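First the structure, then my questions, so here it is.
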Amino acid sequence: MAENSVIGADTVVSGHIRGQGSLEILGRVEGDVTLTGNVVVGATGRVRGNLSAAQLTVAGQVQGDLRGTEVVLVERGARVAGDIASPRIGIAPGALVRGHVQTDGEPALAPSVAARRPAVQPRVVAAQPAAARVAAPQPAAARVAAQPISPTLLKAPHKAEPRKPEPARPPAPPVAIETESASTRPVKVEPRRPPPPVVPVISKGTKAKKKKGRD
Amino acid sequence: MTRPQLGLSVLGPATRVTGRISGDGALRIEGLVKGDVNVRGEAEIAEGGSLEGNLSGEALDIGGTLLGDARAESVIAVRSGAQVRGELRAAEVSIEAGARISVRLETEFELDFGAAQRRR
Amino acid sequence: MAGTVIGEGLTIEGDITGDEEIVIHGQLRGRLTTTDAVTVTGTAVVGADITGSSLSVAGQVTGDVTATERVDIQAGGKLVGDIKAARFTIADGASFKGNVDMEV
């Protein structure tokens, strides 16, 4: 099982984040996040960029699109300006969302109405090939801990996601980003190789700002 | 079924309406409506009910099928068994996981990112 | 009880078809066809042809009415239109203008 990464509440990450494993965002990210695991944006999290993950939970604020290959949950107090696409989408009372929201697959339409409205294509999730999935997302700011996946969350079968069949991959490799309660250390930037069984890395040029005065 | 309350209209499951519906009071749609619906009270599309047309009311509860735009003074709640396609406009829109939707949400709010935290 | 109830504040402009009881307290302009009973209550104003198994009118109906069983116009009710029904009653104090065709 992959260890989980955290971007602390006082950290700002400028640049794209991609790879396998899961991530909890309590600080600020300016860039896209594309992970095969789960992503939780905590209540203090602020993301300007697109988020793509297996299970995506947002309790903070996002300016960008949300794509979950399994589920997207937007919790009370969250604010999302962007499009949402996933087979299962939950928007809690008290959440604020503005954008196009679509579960994969079309609602059954009467022929006359189908002709009236243009067909909407399901969005292709730009996700890396799946590694071992980690955990069901915990509510809001709790750490994403490794747990057996709750069967209810994965009840909906995958629909309409055009994906090549993937070779079985080994359990997710160790995470390059160390987890600290308040900050994220600068990480090694690994060269990309196809197909990349890479650890969650931050692209070249990414600056992780950390608080001075702390370890 | 319980007797409908005063002020509540019900279009039963074996009823089809083609045309406009408007007025005071609340409305529950258990059958099929083709046309616009505009009521001052709460409007509900029950599971099994269907509306092809636009819907507006004080608050909306969508458990069936809605193909059209919806506007509420207060809240729109989309239940897990619903199918919705159209634009939803309200102070608050909630969607239960399981709903099949292709909707545009036009909720009015500002993001509040604040300044990047940078304490030295 | 199952069925359709059009409340007093509601207005429907269009056609209603159904296989269940319909009670109208509000306004209808168009057409109403059901295989079950139709009740037009005292507050209702209906401008429509009505077809049902039975029809009871305590409000205002302008249109032709057809019932497989019976049509009853209550005191205070008003019907302007033709009646086609096996049986009918027009109560004292009711108002009616039209023709009647009693199928036998």
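Per-chain numbering from 1; labels A, B and C assigned in written order.
As a convention for this text, contacts are C-beta pairs under 8 Å (C-beta built on N, C-alpha and C of every residue); 3 or more make two chains touch, one makes a residue touch a chain.
Since the model is a prediction, treat every value here as computed from it, not as a measurement.
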item	value
Smallest count of steps, each to a touching chain, taking subunit A to subunit C	2
Farthest chain (mean CA position) relative to subunit A	C
Chain centre separation in whole Å, for subunit C relative to subunit A (CA means)	59
Length of the line joining the C-alpha centres of subunit A and subunit B, rounded to whole Å	29
Chain centre separation (subunit B, subunit C; CA means) in Å	31
Residues of subunit A engaged with two or more neighbouring chains	none
Of subunit B, residues touching subunit A in the complex	52, 65, 67, 75, 77, 83-85, 92-109, 111-114, 116-120
Subunit A to subunit B touching residues, read off their complex	9-12, 27-28, 46, 48, 61, 63, 71, 73, 79, 81, 88-103, 105-110, 113, 117, 120, 156, 209, 211-213
Complex contact set, residues of subunit C against subunit B	1-22, 26-27, 30, 34
Residues of subunit B that touch subunit C when the two form their complex	1, 3-4, 6-27, 31, 35, 39-40
